[in-house]
Structure formats: C-alpha cells, structure tokens
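The structures considered in this document are given below.
What follows is chain A paired twice: with chain B in the first complex and chain C in the second.
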Partner chain A sequence: MADEKKKKLPPKAQAYQALQDKKEEKRPIVKNCMMAFLVGGTICFIGQIIMTFYIHFFPFTEQTAGNPTTATLIFLTMLATGFGYYDRLGQFAGAGSAVPVTGFGNAVISAAIEHRTEGYIIGVGTNMFKVAGPVIVYGVFSAFIVALIKTILTQWGGM
Partner chain B sequence: MNMTFFQKFFLFFSLAIVCAGCGTDETMESQSSLDINPLSAKPSLFDQSPSNMAKESLMEYEEITGIKAVNSDKEMIIAVQIKHMKRFFMAKHRKAWQKEMEKQFPGWKVELSTDRKIYLELDKLEEKINKDTLSKDELKKEMKHIIKLSKEQT
Partner chain C sequence: MLQGKQTWIFQNHPVIISTGTVGGPYEAEGKIRKSFDILHDDLWLQQESFEKAQQVMLEEAAQIAIKKSPIQKEQVEFFISGDLINQITPTTFAARTIGVPYFGLFSACATSMESLALAAAIINADGANYILSGVASHNSATEKQFRYPTEYGGQKPPTAQWTVTGAGCALVAKTGTGPVITSATIGKVVDMGMKDPFNMGGAMAPAAVDTIETHLKERGVDHTYYDLIITGDLARVGHEISKELLHKRGIDIPEEKYVDCGIEIYQEDQQVLAGGSGTACSAVVTYGHFLKQMEEGKLSRILVVATGSLQSPLSVNQGDSIPCIAHAVSIEAGSDVT
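So, the complex of A and B:
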C-alpha cells in the first residue's frame, strides 16, 4: 500500500523520499532484540527471586505467590521511575523494559509524575491511566473473549 | 558505540546470568539422586509405611527428582518435584499420578501436589516426624494446614 502511495507522489517528492531512504539510519533490530531479551530476562529473573523469597518465607504457594510478586515489582518500579533510573533503562532496553509488568507500572507512575503540576484531580487523576488505560481495556476485553471461547469449547464442545 | 558505565555493567551482568543459566550441569544430570528419605516408624505416631510405599512406587518415574509424603490414619499428602523441562507437562503428570495413588490406596484421601511450597512444608513435617517431636493431633493439624494451602487459588 505504501508503494502505491509513493507512486502517486510528484517526482520531486519521490526523489526526496529516495534520498531520505538512503540517508536514514537503519534500525539496529538485532541489537534491540538482544537488549530487550537480556533486560527483560533480568527483570523476570529478579521477579523469580522475589517469588522464591515469598514461597520460602511467607505462606504463599506457587499458585498464589504471583500476586505479591507483581505488587513488589510495581513498587520497585515506582521508586526507580521516581528517581529517574527506569527511563534511562528504557533508553537502551526498549521492549525489554516495557513488556514486563514493570513497564505497566512505569507507564502509570510516569504519567502521574508528569501531570502532578496540573493538580491532583484534573492532573494526576485524569492523566494517570492515559498510557496504561488501553492496556487495561484490551487486556480485560481479550481475557473476556478467551474465556468465552474456552467456555464454549468446554461446555458444548465436550473437551 | 558509546556505552555508559551503567550500560556496560548491565550488559556484562546479563550475559553472565544467561551463560550461567544456559550451561548444562552434567554432574547434576548424571547423579540423578532422588530426594527421598523414608520415614522411620514411631510408636507414638501413625504408621508411616503407606507414605513410604507411595514414595517407592513414584520413584519409578524418571521425571521425578524428589518425593515427600506424610500420612495420618486415613489421609495422605504427597508432594513431588519434577525435572525442570518436564514442567510443561506438569498438570498431565500430576493428574495421572494422583489417579495412580488413589488406585493404590483405596479408601484413603490422597492429595498429590507439585507445588514447591507444599514440598517445603512436607519436608519440615517429615523432619519433625523423624525427630519424634509431634503428637498425633499436632500431625493432623499440620496436615490440615498443608491441605488448605494446596487448595488455595488466586
């Protein structure tokens, strides 16, 4: 579709596009993937340590230890975001810092910090879930769809 | 590529973890030592031979790396640890083993768990039984607590 659009452009614009394509810096995809893998993996590794800690020293089973682990990770992200470490990490980690639950925490907390000057209700209250809102909406929606499919399959499909 | 000290440190740290994690530990594999210690008979407590029998029959499965089991008069709790790569089929295995144990001990209430927490709790309980520091009521109470833990859902 993009190619069709390009053909309709005037020749000057096409020449400019060609020049831009040549000069444009290529995205280091492999490096980005590597960094995302390493950083994301490290965050999950820390999460696993926290989970093991909860299983060993608190009355949580493997089933239930996930909740306090998530809460702890989000709390740690809150501190890291507040002190400005998390955005520095995000600069080179990319998706590695955005995909785990810490990325969700960061999206909520950074928005809250950013809009603090506009007041606690109109500023923080309305803007806090600006970035994280879609995650919640589509997370709940897709969970509903999956649950619906599972219910249909197990109840009427005899699986 | 200009990397800050923080980035260099992080990269090194992550690579070290990945290398350490991906390396297969041959010594661990070849030893294949099962984490099982049979319970000794204590006259003041319930006879633990059903638990020992359950351990013996579950020992046959190569997926299992450790078994802990404790029983009262009509109840038994078994916790197993399975090989890391076999965890993908954990639910399937657990169901099969649970069925097998129920078949082997008809009339008993058998609970089989693959949960790490249950395993740790049973390990502590086994130690207490071997040291003979428990009464029958205390054992029943502890078992009730462990069963309640294993039933907990998020």
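So, the complex of A and C:
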C-alpha cells in the first residue's frame, strides 16, 4: 500500500524519498525489543510482588488481588510521571513501559498535567483521555466483538 | 534591490547593531552555553504556563538587544516576529509589552531569517531606521501543541528532534556599527511528499538545498565566498541528506564550512536524538554564537539558511505531506563590506 501511494508522487519526490530512506537513521528494532522485554518484565515482576503482598498480608485472594495491585501500580506511575521520570523511561523502554497498565496510567496522567493550565473542566476534563481514549474505545469495541462471536458460537454452534 | 527572482541585495547595508539571546535549562548545558546573554534554570520561568514562559523569554531577548544598543526603546519603529504556537499568541503578547508597531509572521523554524530579511528589506528601502526582529520557542509548549503531553512516555525514533527553549532578537539599523546584512534569498515551499512529523530534518533538507542553490546562483557567487554556510535545524539526519543533495547539484562545501544550528547547540551526550529544532534554534545560535565569532574576527561572511517545516497537527492527522521552506540571509563583518 505504501508503495502504491509513493507511485502517485512526482518522480522527483520518489527519487528523493528513496535517497532519504537510505540516509535516515532507522529505529533500532532489536535493541528496542530487548529493552521492552526487560523493562516490561520488570514492571510485571514488581506487579507480581505487590499482588503477593496483598494476598499474604490482606484478605485478598488470587482472583481479587488484581484490582488493588493495578491501583498501586497506577499510583506509583502517577508519582513517576509527575516527577518527570516516566517519559525518560519510555524513551528507552518503548513498548516495555507503554503496554503494562502503568503505560495507560501515564497516558492519562501526563495529559491531565499538561492541560492543567487550561483549567479543570475544559483543560483537564476534556483532554485527560486524549491519548488514552482510543485504548478505551477500541478496547470496549473489540471486547464486544469477541463476546458477540462467543455468544453466536455457544448459542447456535452447540459448543 | 531584487536580483534574479528570489534574492534581495541590500546596497544600503542595514546593520545588526545589537542582539539578545535567552536560553532554557537544557541549553544551559549545551555546547554554546557561554554565548547566551541570559540562561534560565527553570523551564517555567516562574510563569503559570509554558506559553507565558516563552513570551517572557522573547521580551527579555528584546530588552537585552535594546539595552546593548545605543538607542532607546522609543526609537524602534517596527517589531517583526513569530513563533510556533497556535496563532502565534506568545509573540503577540510580547509585542503588546514591547509596544511598537508589529508584523506577526509564521514560517515555523524559518521565521528567524524571514524576520531578519524583512527587517533588512524595509530598512534598505528607507521604510524605517530601527527594526527589532526576533523569535522564540519553548520545548514543552511545542511538544504539547505538535506531539504528545510533555510527560507522556512515548518512544521517539532517532530522527526526532528536540525543540530549543529560548529566544533570539536582532536590532537592525540603517546606520551604526556591527555586522552588515548584505543579501537575502526568500525560499519557495518545497514538498517532497514526506509525511513523518518525527523526521523533519529529512523533510526540510530539499528546501534548504533549493534555497542555497538559488542564493548562490542569483547572487553570482560560489560557496567559497562564505566562510560558513549555516542551516537552521536540519539536525544530524537532514544535514547528511542535504550534503548529498548539494553534492548532486555540484555544490561541494567542505565539511568544516557547512554547519547546522541544530547540531551546534547541544553536546554530543545530551539526549536530543537527531539534534535541536524550533524557531529559536537558528536565532540563538546565529545571534549568540556565530555573530560573536564574527565580532572576534574569526568569521567574516556567513550565510544563514533557516529551515521550517510548515505542517500543523491537523494537516498531519489528515494525511497531508509536510511542506517545507528555507530563507537565507547573508551577514558580513562590517569592515569587510564595500
């Protein structure tokens, strides 16, 4: 598809983009994947420690400890975002700090901080989900589709 | 005055009688930190917003330029300036404070040389005696407008650039002592269909090359005429590409005579990816660093080619390519101009 779009460009632009592609510094994909694995794994490991802590010292079970664990991780993210560390972590961790729930927290919190100067209603209220909003919209939508498929299969498929 | 189709020759020799440069905390750790007039260690400058901080920096740069000159603020006839924020409001508020008739410009990061070229053209045509030209940009205000929230942990590719927090002003006069503005070439919009807003250097390189080539041709000189050809904010990626493009057009400028403000401003170990960018980038490096070198006699003729990528967040989201522009201004040591 990208090639098709490029064909519509004038030849001069095509030639330039070919040259540009050669000179452009590419994203270090292997390094990014490794960093994502390590940092993402570390965040999940910390999450596991917190979860075990809640199960051991509080009346939570493996089924119910998920919520306080998520809340604690998001609280820690809030501090890390507010003090300006999470964006620096994100630059080298990439998906490793974006995919866990802390990444979602950071997306909401950073937008809330950013638009504070425009007031609590129009600024924070309107913009808080600017970055995280699509995750909610398409998360809910894909959950609905999956549930629909499951319903169809169990009701009419006789599974 | 007009020579060729895009070049003005200023035979009346408008003079830059003084400059003022302001930088932020990241610039204070940079390679050229010693050439700033004021450096702030607080990104907010004790203001309520980053936009207000940017406005204050522009006001400070203007004040310093006037203070360093032999004239009073009341003698300044026009203020020509612009920035990157929505409807250039930080500049407008600074113009309210400065209180002289004002031209507001937008050419993204090429605004610095656009304002200097216009100031020189007006003075050369007897339209004024003293014009203040300058620009400002703020890293966080720009990130907020064009990219993600400042504290958002998104990973940027190695081609991305770091917007300079700072402001640079030049006071241009009909007579006086200082470096002389000898010519200017106004660039055309060049669009090579590049769409990645995280690779502005790659998008802007063809515009810079087009303006450099036109300037040399219309002024009737070759690149050896200049001690230094300085691009605005192509940064590492765009700078390399522009060298290749210039080579293809038969302009082989030696490595040490072709530099970029986006590379000059920060240290190698500062985390700025490809390098600096922003309206203030070319202004603070030219007015602070290079004009000081000219004053010290290390340089006598420079060509500053400020480069701008003219996209908006809206145009990028709607899938449009990035239109780019470059404006060139030649500045020569006062004693050298005949």
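Of note:
The rule we apply is simple: the second predicted complex is superposed on the first by the 153 of 159 C-alpha atoms of A that agree within 3 Å, B and C clash if a C-alpha of one lies under 4 Å from a C-alpha of the other, contacts with A are read in each partner's own complex, and residues count from 1 in each chain.
Note that in this section a residue touches a chain if its C-beta (ideal position, glycine included) is under 8 Å from a C-beta of that chain, and two chains touch if they have at least 3 such contacts.
Remember, it's a predicted structure, so these values are computed and weren't measured experimentally.
After alignment on the shared chain A, the placement of chain B and chain C results in a side-by-side fit free of clashes.
A simple residue count on chain A separates chain B from chain C, and the partner touching more is C. Once chain A of one complex is fitted onto chain A of the other, the partner contacts of A:38 are limited to chain B, with no touch recorded for chain C. When the shared chain is aligned, no partner comes close enough to touch A:47: not chain B, not chain C. In the superposed model, A:67 lies in contact with chain B only, and not with chain C.
When both complexes are overlaid on chain A, the residue A:59 reaches chain B alone and has no touch with chain C. In the superposed model, A:19 makes contact with chain C only, not with chain B. When both complexes are overlaid on chain A, the residue A:100 reaches neither chain B nor chain C. Minimum C-alpha separation, chain B to chain C, in the superposed model: 7 Å. Chain A uses residues 88-89, 92 to touch chain B in one structure and chain C in the other. Taken in their complex, chain B has these residues touching chain A: 6-7, 10-11, 13-15, 17-18, 115-118, 120, 149-150, 152-154.
Chain C contributes residues 48-51, 144, 148-159, 191-194, 199, 202, 205-206, 236-237, 240-241, 244-245, 271, 274 to its touches with chain A in the complex. Touching chain B in their complex are the following residues of chain A: 38-39, 41-42, 45, 55-56, 59-67, 88-89, 92. Residues 6, 9-10, 12-14, 16-17, 19-20, 23-28, 32, 81-82, 84, 86-95, 97-98, 103, 106-107, 109-111, 113-115, 117, 130-131 of chain A are the ones touching chain C in the complex.
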